[in-house]
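Think of it as A, B, C, D, E and F in the order they're written, each chain with its own count starting at 1.
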Amino acid sequence: MTTTTPVPTETECPPIDFGELKSECVAPRPSIMGQKRGLRSILWLSFKGIVRGLLTTLSYFRRPSTVVTQQYPENRETLEMFERYRGRLSLIHNEEGEHGCTACQICERLCPNASIIITKDKKNEATGKPALDQFIWRQDTCTFCNICVLVCPFDTLEMTGDFESSVYDRRLLVFNLNEYAGPTAGQLDKLEDDELAKAQMKPMKKYQGPVPMCGGEMDGIPKLDVEKPTDV
Amino acid sequence: MADALLNQLSLTLSVHTSDVFVAPAMSLADRASRALESGVWGAVLYIVIGLVAVLTAVSVLGLVMSYIERKVAGHFQCRLGPMRVGPHGVLQSLADGIKLLFKEGIEPGHGDKVIFIGAPIFSITATILLLAIVPLAPGIQVVDMNVGVVYIAAVSGLGVMGILMGGWSSNNKWSLLGAMRAGAQMISYEVSLTIALLVVVLFSGTLKVSEIIESQQQGWWIWRGHGVAIVAFCLYVIASTAELNRTPFDLPEGESELTGGYHTEYSGLRFSFFFLAEFANLFVFSALAVTFFFGGWLPFHVGNYEGFNSVMDLLPPVISPMFWFGSKCATLIFILMWFRWTFPRLRMDQLMRLEWKVLLPIGFANLILAATVVLTGLYFFPSAT
Amino acid sequence: MQAPSVLLSFHFGCRVQLPDMDYLFVFLFVVLGIAMVLGGIFASYLLAPRNPTKIKQSPYECGEETIGSSSINFNVAYYLFAILFLVFDVEAAFLFPWAVVLRELGLIGLIEVVMFVLVLVVGLAYAWKKGVLEWES
Amino acid sequence: MTVEVSSLKELVEQASGDDRSPDTQEYFVNMGPQHPSTHGVLRLVLKLDGERVLRCIPVLGYIHRSIEKISEHMNYMNCVHLTDRMDYLSSIMNNWAVSKAVEEAAGIEVNSRIQTIRTIFAELERIQSHQLWWGVLGMDLGAFTPFLYGIRDREVLNDVMEETVGARLTMNYVLPGGLMADIHPNFVHRVKEFIKYFRPKLDEYDDLLTNNVIIQERLRNVGILSPQTAVQYGATGPVLRGSGVAFDLRKDHPYGVYDQADFEVPVGTIGDSWDRYWVRVEEMRQSMNIVEQLLDNIPPGDFLVKKLNSKIKIPEGRYYSQLETARGILGVFIVSDKKDEPYRMHYRSPNFNNLWCLEPMIKGDYIASLIGAMSSLDLVIPDIDR
Amino acid sequence: MEREALQAAVCELDSTVSPLDANADRAAVIVEASALPAIVRRLRDQPQFAFAQLLDHVAVDWIDRGQFELIYQLYSFKHKHFLSVSVFVPREDPRVPTLCRVHPVAEWQEREVYDLFGVLYDDHPDLRRLFLEDDWVGFPLRKDYQDDFMLDRPR
Amino acid sequence: MGIVTDKLPGALEKVPGGNVLVTRFDEIINWARASSLWPLTFGTSCCAIEMLMATGGPRHDLARFGAEVARPSPRQADLLILAGTIVKRMAPRLRTLYEQMAEPRYVIATGACTISGGPFIYHSYTTVRGADEIIPVDVYVPGCPPRPEQLFHGLLTLQKMIKEGETIREPGVRRKPVISALPEGITLEDIQGEMKELLVKENVVDVQHAVDKLKWPSGLNESSSGDSGANERGAGDGA
């Protein structure tokens, strides 16, 4: 047990020297009763203040044009986000559905809270280079800080303005951003054989399903093996 | 038995529908009383009509007023208010009502349960009793006592009981604080309310509500009161805002201070009774103001301008009283809402200072002045006595 | 089925003045108010879900547990106003009949009431002086 | 000399007194953590007598997210994005504070374009923060409409900033070594439009709240904080300036390009809640002046002087850097051990220090005054708890 | 006053004060724990220093050296200069006299440091946990803090 | 002390009482409940600014949904919008708040911090990794913080759930149409196939099983210590 707080009295401290900082107001504060006014002046100013307040609110009531409300679900067709708005991370795919991610994992390393998990095929049999297996993005932890987009050396990531993403189950917030597991568009182009290139593009589920936090086990859900590519 | 009932009913209807035109100014209670002469069923019919009418009025007023309040608030604030439940959200209140009916009612574990359930009874009963005396049009009034104004002053104090009991029995310190605030506030402003009404009683010389309206045939008291009535009206508006616990006097339920105020612990339907009473009271107090100061159902006339007055009288006699009463009432309600959505809240000490040091002395002075005016016969309108 | 008036006339042997129905209505409205609330609570008892738990029934104090008991002594300032109210409301009750018949009473009535009010105003002034109206806790 | 460690329970028991007689009118009540006017999850244990506040014990930690611990495991660029979530109403200034500390420590020179844009954004954010504060103050005092007007105008400014930044609240715009993106081509034009829009609105604010007698009487002579007490209890920012001390880092230790702008520091007279209110309203005007002055001559240059995916390493040592946010001085203290992660990261949050002025300024006053005084402190609880 | 000059001037106050040169970007001194309140009081009261405000109080856990460094950031409104005062205390028995009597705000800043580092402040009027629950075990910002709840970042 | 509502959190919760009406009224009641969601004024950090202030503001206007009646008391609130980080110290209080809400009650978790701990997952000694460790959550709205429109989408999603998933014959048992609000580009079949195995394994389709598991211990709040459930286990780490 301690004694009650002995708040140091002001006498203990000599007056503080504020130097040149102790200064006058820029604009004197408005005050109705504070200054030495007569009763009539106080009443008049109070009345004026109240009436002007009432008129201010009335002026908005009077003019329905001042209503600024957006009708969200109804205006869905015309609603557009700003082009830089960060609503959802997406991996850019070209017209042929090929992405440019080399699985260099810079974004994964620099992501502040490990919202990006990249698994890769260490050596693709056709190209001989590492190829992306899964680009897992966890929307449930993502803070949309944009660092992944900024640091990507190949500019394959972008933030889209898509914002309608409510779900009933938090595990539905984990995505595979890549549409296929396999080499990048550039690497595929270098392959002579079109058939061989096609064969490298293994289709990928968009929905990743449960991702255990930091590679541990979730109740009854098997541990995600980040080293070995899971068979698709 | 059934035959007798039918006979009585048809007899009552045939006799008393003509009453509407014969004695248009009779209240429902008086009619029931008269019907008793020819048989008990007629009286029962009137009683049932009265009960049903008031019950409906309370519920409908609660729903409609809360919808209007939300819409008006929205437009004051550059937004729209409820829009998605029904066209322009007209079914919003209905949805709220149904939801509240199907919502769990929680009882505090250690509170006094009887008082806890009893508290809304007082609030609702006070509202119902007040609604009963509101004259919507000649004859459309449930009770019309000869001590009407005293009745109003007496009954309006009943609501405080509900709030005090609710706060006390909630076993919650915030509720208790809200209830104590409500108690101190509402009884204080009750005095001013009564004194403001006394001025009108002085002018009209009667306590009966319908007669007070009739006494304004020559001009509404707010005009004819020689300035005294305007002061009385201002006192009435301020005091009734305080009685209604609306901003700037919403201290008992000040959300930013007392979390929920006296109804913090109430949920579901129990809470909705307070809600209902609050909104119905909003109507009641505006209606009473209209009755006392703005000539109730009487149309707007200006002195001896016959042409203007006849334009005002153009409405058919059945609609006219309702229209005039309704429009006056709506204006007052709008003003109360306007206050609510503009002003900040007072502090407790300021509230008490306003009543006891400003309004009450003004009220007394005004009362004496009114008495002098009445005695000396200083009226604007020559025809008035 | 006999109408009460008939019964009454039979009983007293003469036709009596019928009682004013106003207070019957007031009584019925009180009953209606009670019935409305109790009926509503009963209806919601039947219709609404119920899941009382210990935590749910404990008082809500911003999510925390209450410190100490909720039944506390409350500051007297609130009650002082109740006493003042009593005085002034009773006074108002006295003023109602006066207000109705002021015209008949004439100047005498006014003077009497001014004196009556003055006594109370002196009381108010005394309370003011004593600091009752200061809302000091 | 002994050290006794107590607990809240003991403190309350002790404050309720040993001789708790049945006659006492005093009682304890919890205000918060879930209370509409504690603006988050601050908990105040109040000892009341009727309406009077006899004792006010702030209890913290309901949003203590251990940012300082997390920062020790993050590189400097990632540390920045955590500060968005401290004082979320001045997130760009928080970003800037960390970036400034890191830049000073690592010796990164940023060009004047970056500094100018940072300054403009900081001032816009200050306006935005004060807009919200103005509305919330109105709501705390029972006037609901000002809150909506404040939010309405805040949304207009929000759009201007969102177009460039891409986020509405947690912007993460300022990074060590520059900015996340260059300003949007529309930016200058839209800021000018905003200022044209907002100046008349400020007069409207005055009509609605400032000149209202109720609000003045609710705030005037409430929560008086003498300059002496303010300094002793650690207040900075508008709270200190409300007490009449014109201490503003923007003037006294200029950073960014504040030395190029001509502006004044509004100060109060007696240090009551009304002074703090007026200081903030005036600050909105001054901020608009600053923005107007800087807007037309944003110098050309890069928006990022350092490549982002290279590690920033700071030489060993202790680095302290501070900056004036909308609420006061935000200090960033970095202890480096030559790695790209800080050895110790500490934030001197303005709200943490401003909060302690509450008890001396409110003791013995009403609950309603406590609400007003707390509103005038403009607390952001996650910044206190970090 | 320039940084070096200020540092030298402060060091002349007392024999328990020594300069701290290690990479500090502002005037910094080391003070012996026992002399701390007296020195800070003199820094506050003497007009040539006038360090009126205690801006900040930070602790650093130098686990390798077995020491806590307690840093007090002072500011002078009169001269507009900053000063950093460091105190080193052993990790095993971290005790330091409180500054509450000199700068009231220290009461809470010290409580924060106690809460997160477990530094005990002698004669502190109300030393208890600030952010964490009263029955929390351990002091989380210490470098050797262990907690089953904490997760390490996967990669 | 298993306060963790495992499996599909908030999916199934049984409340006794109210067995009078029949299915015909379900639609009306669910319509009323969905149309009148009064939120509790609850917010811990940044999301609160977006969730309660910006959405309540004139631009977005929560009132259009009939949800502007923000109640400061949980007794009158229907909807708990979790806005902001939940830390260990807040967890028991949040639980108390939820428990003190009257049935039926709905929970929307907004923002990364609330859903999973967001930026404070790793190396944090206080942040709870997901509000659904403390109370059942109906709808998750990701974002940091989500825009007001995002909350409205969440609100619509919740309304859909209430309108479709609740029946008065089993009052309080909320059957979530798990798949009814899907991220764009994913079809029902996609997820059903992937989830089927998991769902069967986790046995969440068995109502009784879930109800049995959801018996929360009473007297949780009796010790206001840091010994909250959040202390017991992390989100998915199975610690």
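The definition used in the following text is that a contact is a pair of C-beta atoms (placed from the backbone, for glycine too) under 8 Å apart; a residue touches a chain by one contact, two chains touch by 3 or more.
Computed from a predicted structure; not experimentally measured.
Which chains are shared contacts of chain B and chain C?
Where chain B and chain C share a partner, that partner set is D, F.
Taking a step as a move to a touching chain, how many steps at least join chain B to chain D?
The distance in steps between these two chains is 1.
Find the chain most remote from chain A, comparing centres computed as mean CA coordinates.
Measuring from the centre of chain A, the most distant chain centre belongs to C.
Just list the two chains that share the greatest number of C-beta contact pairs.
B-C
Return the distance between the CA-based centres of chain C and chain F, expressed in whole Å.
A distance of 45 Å separates the two centres.
So, what's the distance in Å between the C-alpha centres of chain F and chain A?
21
What's the distance between the Cα centroids of chain D and chain F, rounded to whole Å?
31
Where in chain F do residues touch two or more other chains at once?
Within chain F, residues 15, 17-18, 41, 57-59, 61, 64, 72-75, 89, 93, 97, 100, 103-104, 119-126, 129, 144, 147, 224, 234, 237, 239 contact more than one other chain.
Which parts of chain E, given as residue numbers and ranges, touch two or more other chains?
52, 77, 80, 104, 107, 126-127, 131-135, 140, 151-153
Show the residues in chain A shared as contacts by 2 or more other chains, in ascending order.
Chain A, residues with two or more chain partners: 2, 4, 7-8, 13, 16, 18, 21, 50, 53, 56-57, 67-69, 71, 112-114, 143-145, 213-214.
Applying that definition of touch, give me each pair of chains that meets it.
All touching pairs, sorted by chain label, are A-B, A-D, A-E, A-F, B-C, B-D, B-F, C-D, C-F, D-E, D-F, E-F.
Which chain F residues qualify as touching chain B in the complex?
Those in contact with chain B are residues 15, 17-18, 28-29, 31-33, 35-36, 41, 57-58, 61, 63-66, 68-69, 71-73, 75-76, 78, 100, 102-104.
Show which residues of chain C lie in contact with chain B when the two form their complex.
Residues 1-5, 18-22, 24-26, 28-30, 32-34, 36-38, 40-41, 43-45, 47-52, 54, 56-62, 66, 70-72, 74, 77-78, 81-82, 84-85, 88-89, 92-93, 95-96, 99-103, 106-107, 110, 113-114, 117, 121, 124, 128, 133-135.
Would you pull the chain F residues touching chain A in the complex into a rising list?
Per the stated touch rule, the residues are 6-9, 11, 58-61, 64, 109, 112, 115-122, 129-130, 132, 137-144, 146-150, 152-154, 156-157, 161, 176-178, 180-186, 190-191, 194-195, 198, 201-202, 234-239.
Write out the stretch or stretches of chain B touching chain A in their complex.
So the residues of chain B touching chain A come out as 72, 75-80, 83, 338-339, 341-343.
Of all residues in chain B, which touch chain D in the complex?
Checking each residue of chain B against chain D gives 73, 76-79, 173-174, 177, 180-181, 247-248, 250-251, 254-259, 341-350.
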